[in-house]
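Each structure below is given as structure tokens.
Here come two complexes built around chain A, the first alongside chain B, the second alongside chain C.
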Partner chain A sequence: MTLSTSAASAGTSAKGDSGTGPTVGGGVGVSFDKLSKKYGNTHAVDGFDLTVAPSEFLSILGPSGSGKTTVLMLIAGFVSPTSGRLLLGDEDISRIPPYKRNIGVVFQNYALFPHLDVRRNVAFPLEVRGLSQDEIRRKVAWALDRVHMGQFADRRISQLSGGQQQRVALARAIVFEPRALLMDEPLAALDRNLRVDMQHEIRSLQRSLGQTVIYVTHDQEEALNLSDRVAVMNHGRLQQVDAPKNLYLRPANPFVAGFFGEANLIRGSAESGVFTTEHGVRLPVTGNVSGKAVLCVRPEMVVFGEPQQPDFPMLQGKVVETRYRGSVLHIVLDTPLGQIRSVQHINTTNTEPAEGTIMQFGWDPELGHLMVQE
Partner chain B sequence: MNEYLLGQNGRRILIAYGLLLIIFIVVPALVLVPISIGGDDSFVIVPDSLSLRWYEVLLQDARWRNALVLSLQLATFSSIIATVAGVLGAIGISRASPGIAKALRLFFIAPIIVPLMVVGVGFYVLYARMRLVGSFVPLGMAHAVLILPFVMLPVSARLYSMDPRLEWAAASLGAGPYRTMFKVTLPLLMPAILAGFAFAFIFSFDEVVVAQFLSGPRLETLPRRMWEGIQMGGLEKTITAVSTVQLILAALAMLLITIWQRRAASRGAASRRQNDS
Partner chain C sequence: MNSTATTDGTARGRFRGADWEAQQRRVTVTVLILPVILMTVLFLVPLGYLVWLSFGGPNGPNINSYKQLTAPVYLNLAYFTLQLAFFVTVACAVIAYPLAYLLANIESAISRFMILSLLISLSLSVLARTYSWIIILQRNGVVNDILQGAGLTSQPLSLVYNQTGVYIGMIHILLPYMVMTLYPTMRAIDSSLVRSALSLGATPWTAFRRIYFPLSLSGLVSGSILVFMMAIGFFVTPAILGGGQANTIVMAIQNQVQVLVDLPLAAATSVVLLLVSLLILVVYEKIAGVERIFGKGRR
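Presenting the complex of A and B:
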């Protein structure tokens, strides 16, 4: 726990007395055991199985309606599960009311109390817990300092900008040393530059506090940027939980592949290192998937010219569309595999091929990723 | 903005119409003010001499004074009951399922839809059987029923526009249901509650139909006393003084509500901005 004590002392103001900051013991793990929530006949969350490690930063990512917000509401206790269990540390909290859970929540719209000033907002959870005035003053100062809002303590909420409100909401959620911190699209209402700044701050705050964070978002970039692991959801089900790199290179299924960036998805079947497309083209692949499968090739892995691999077939495609998008050139080809998208980095040597040009292309079989078709 | 939508003539007609409407609404209310400060018995709008003698009568005449005190007591009693019941009712309805909430809302608004005469007769028949006619508390309860919608309507509207996440936030911060109610929900509802209370108070203070049925011979409320003053022996000029006092009270109440809502507006700006996102 050396990390947490140093974090606490770093957080206190210039007075520097390390005893004044709350002792930050780091977060507690959160485990989902086949957690489900049904509304009528539809599963908002279906058999959620996941373990979040103490002090882990986990994002729950999914399109709107995927059930990610319901998961957050289940953890916070604003809705109760239809079945399954939810553990905070070793304690089953599935049926415990939200005000006894000790979990901090940062809402998308901040949900600051408009009738209280900044100080009273942050003091709220401490007053509820019956702390002494002295302790409350100290902890509020500590939390506001952590989010650089110390000089705004006497402001009204309506006098703050969106970014400042976000910081106050963050301070209010950490001031009572919650066992875990939930965030529901906390940056969605901010403009882009501010969002990137806040991402850094949230991440460094989480690191220094050793806080367990579960962060709900629909923004892939944000999730990849912030998280130790990302849990991808769709239609109430968990699709994949993995580190950001693996989600891109080793997606579990076509949904995940399509959710993170562009992907060429080629359907067919695989057997002992050979993938046969629906149109009968045979391609070398790695991995031991057999049966119906989908081959995922990222656009930037498509290379033009002679194939480097000796056993890679000669593939030809006709250029149907080219587009410059910032620093990259998009080329769409009509090929025997269907439409193939490629992305080339612009440099002085490459020129935009004319539409209708026949081009040879291929990719490193190591970089193609084979997924079982569901 | 309207410059291009309306011709010159159209604008003139609209302005004239607006002025006419204002005059028509305001004059009957204000006409009694100059009459009430006239020195003599006659009802002239521009009095020859100025005097406050009709206000003195109001204070010195025991019957008038008792009526005024009774009406103030009655309005206070009934609007406190209506405010407590109405706020609780509105909060309850806001948590009911949409279908039930709709039915309940209609039910509680009924007192201002059903004709007063019908309600009055209904209460009279019930109270007569139970021997409750002519007592203060039953009359106050009847008034509370009548003025319940004045509390429920603004409070419901405010609840409807209130972000439910504020209550969730309170819960996540460790506040149980009661603390959330007293520290978050009620403070945020306060402007609507005060407005509702003021409307309810004014209506009860002014109410004559149901009071006529239920007050019996003993309880003479101010509106009843005024009614009497008009019926018996022509017009009693004290009525103009009473009306003026009522007018001033109502204006004061409106002023207070406005000030309160102004104060709340700066706070509300924050919650509204939060709602928009």
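Presenting the complex of A and C:
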């Protein structure tokens, strides 16, 4: 399996003091070293190898049951790994109990203490650390201010809306200056508009604090919006770790390609710049993959009409379905490559082709993306 | 013109609303009639009769019976009863809390089996359960056999027909009530709250003390009130296992009725017992009122 861990991968050893406690104005890196967790015969997390840089915003994205929560629980220390190591900065924390890890966690259901008011909730991590009343008051005010909840300090938790509870949970998780901040689908329970607002706030908070954030979500839009890098998981395994743009344009395998948006996946084999489909159609490709491969062509890369370059492959397809969706027109074609989906932006010049129309179509070989077939 | 139409529409809407409300009220009243009649006939009338009797009945009204209750013998009985109920309650709480905790937090066939056993034991007759303790605790019973067999004691211990037997029997009989009150409260405590406390730096003990325990307190208080009130009014177990050495206030009532044939005195004793129970309930209501606000955020 190909893992492209190109972007920010080094950097844990850069901070000398990273293991000694909360670093003011910045988190530390988190490294997974072949970390695995088995439940009976289920590999909830399988051979996780990943380095999160200090102050990086990394999302873990995957379908339900892919092991995202288990990864977070491993980092937080509520689940012990079956094998492998976990490093926080350069300290091995695999065997350290959760309350000594200094990692902030925002739970999906917020997990605010219902018998304490907002102020006491946020003060909790400071009280158990034995800070002075004065310091506690100052830091709680600071944290509540950061999430715009200053005027709600005396409210009971049950008197807050979902979005406000979310903010309090966030304030409580950052108030003790944790070495890293973990969030498990923190916005899943909020309605759409609020979710977008909170995304912005979480991102700007993370930037200004220089906090290392590991953010679990099953919402790809959220992951792409927020993250420096996204780690895509499936069946407990890392599929790809990359910057949002690369995940779309350069997916590592068919799963990732299918996970981010629509993709035409064409099976076949590649050799020296030529891709031969299962049906024997030969297409020019770029990239140095050889052997069994899958060609990924995004629907919006499909163009119609005359070839624009000499080496532009043009094929014929029969329109089987057309559909308007907002500002775009979806066209499905029956072609020698199988069904090909395309998306065209609607403008004044293009018209909807009738079903059964034979059309010339193709794509820029530079944009087609070749993946090794597993 | 426009406004006239609006007013008209609103008025009609309001009228329909009132009609609907009236209908609702009629339904409510109809449904409530039977329970109200039953409550009155089966509960309030006898209660009124009891109070009337306690103030002398046909010879009354006087407070002679209440005066009699201030005699040392009754004060001692009341003191013993309260003390018995108190220690039984404390013992039940201490035993039931960790038990309920395990049942609520450990998913296993064993915990399901134990919950089932507790429910079954609640449905068994108190009389049968009390008599079975005689078999277990008597001089040549199972416990003494084991103790002597193991060489821990040379003489059989007297475990029954005294206060020890009453304590053992009452704790055994009332324990399931405490567990069954604590269990749902503990089940309702979101496990992510304790985890969240740990992630915030609290040691397991601090997390228990500051998060789990306060959230389970409402169950502990309800259970204690329930057990205490049942213990105050317990008759069968102290009568059978006490051997005359553990006389409670309810046993005194029986004595007043059957031996002394002093119905006003028995009535007065009952009224006092009832007032004590009511007092406890009022105190509980005060605490539970606070708890209700606490409990709101619970998931």
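By definition in this document, the second predicted complex is superposed on the first by the 348 of 374 C-alpha atoms of A that agree within 3 Å, B and C clash if a C-alpha of one lies under 4 Å from a C-alpha of the other, contacts with A are read in each partner's own complex, and residues count from 1 in each chain.
Here is the rule we use: a contact is a pair of C-beta atoms (placed from the backbone, for glycine too) under 8 Å apart; a residue touches a chain by one contact, two chains touch by 3 or more.
Fair warning: this is a prediction, and the values are worked out from it, not measured in the lab.
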| item | value |
| --- | --- |
| Chain A as common anchor, with chain B and chain C clashing or fitting | clash |
| Which of chain B and chain C A:Phe176 touches, first, second, both or neither | both |
| Touched partner set for A:Ala189, first chain B, second chain C, both or neither | first |
| Chain B versus chain C as contact partner of A:Pro114, first or second or both or neither | both |
| Contacts of A:Pro98 with chain B and chain C, given as first, second, both or neither | both |
| Contact breadth on chain A, by residue count: chain C or chain B | B |
| Residues of chain A contacting chain B in one complex and chain C in the other | 76-78, 97-105, 107, 109, 111-115, 124-125, 128-129, 156-158, 172-173, 176 |
| Chain A residues within the chain C interface of the complex | 76-78, 97-105, 107, 109, 111-115, 124-125, 128-129, 156-158, 172-173, 176 |
| Chain A-touching residues of chain C, taken from the complex the two chains share | 190, 192-193, 195-204, 206-207, 210-211, 214-215, 293-299 |
| Sites on chain B touched by chain A in the complex | 163, 165-166, 168-176, 179-180, 183-184, 187-188, 266-271, 273-275, 277 |
| Touching residues (chain side chain A, partner chain B) in the complex | 76-78, 97-105, 107-115, 124-125, 128-129, 156-158, 160, 162, 165, 172-173, 176, 182, 188-189 |
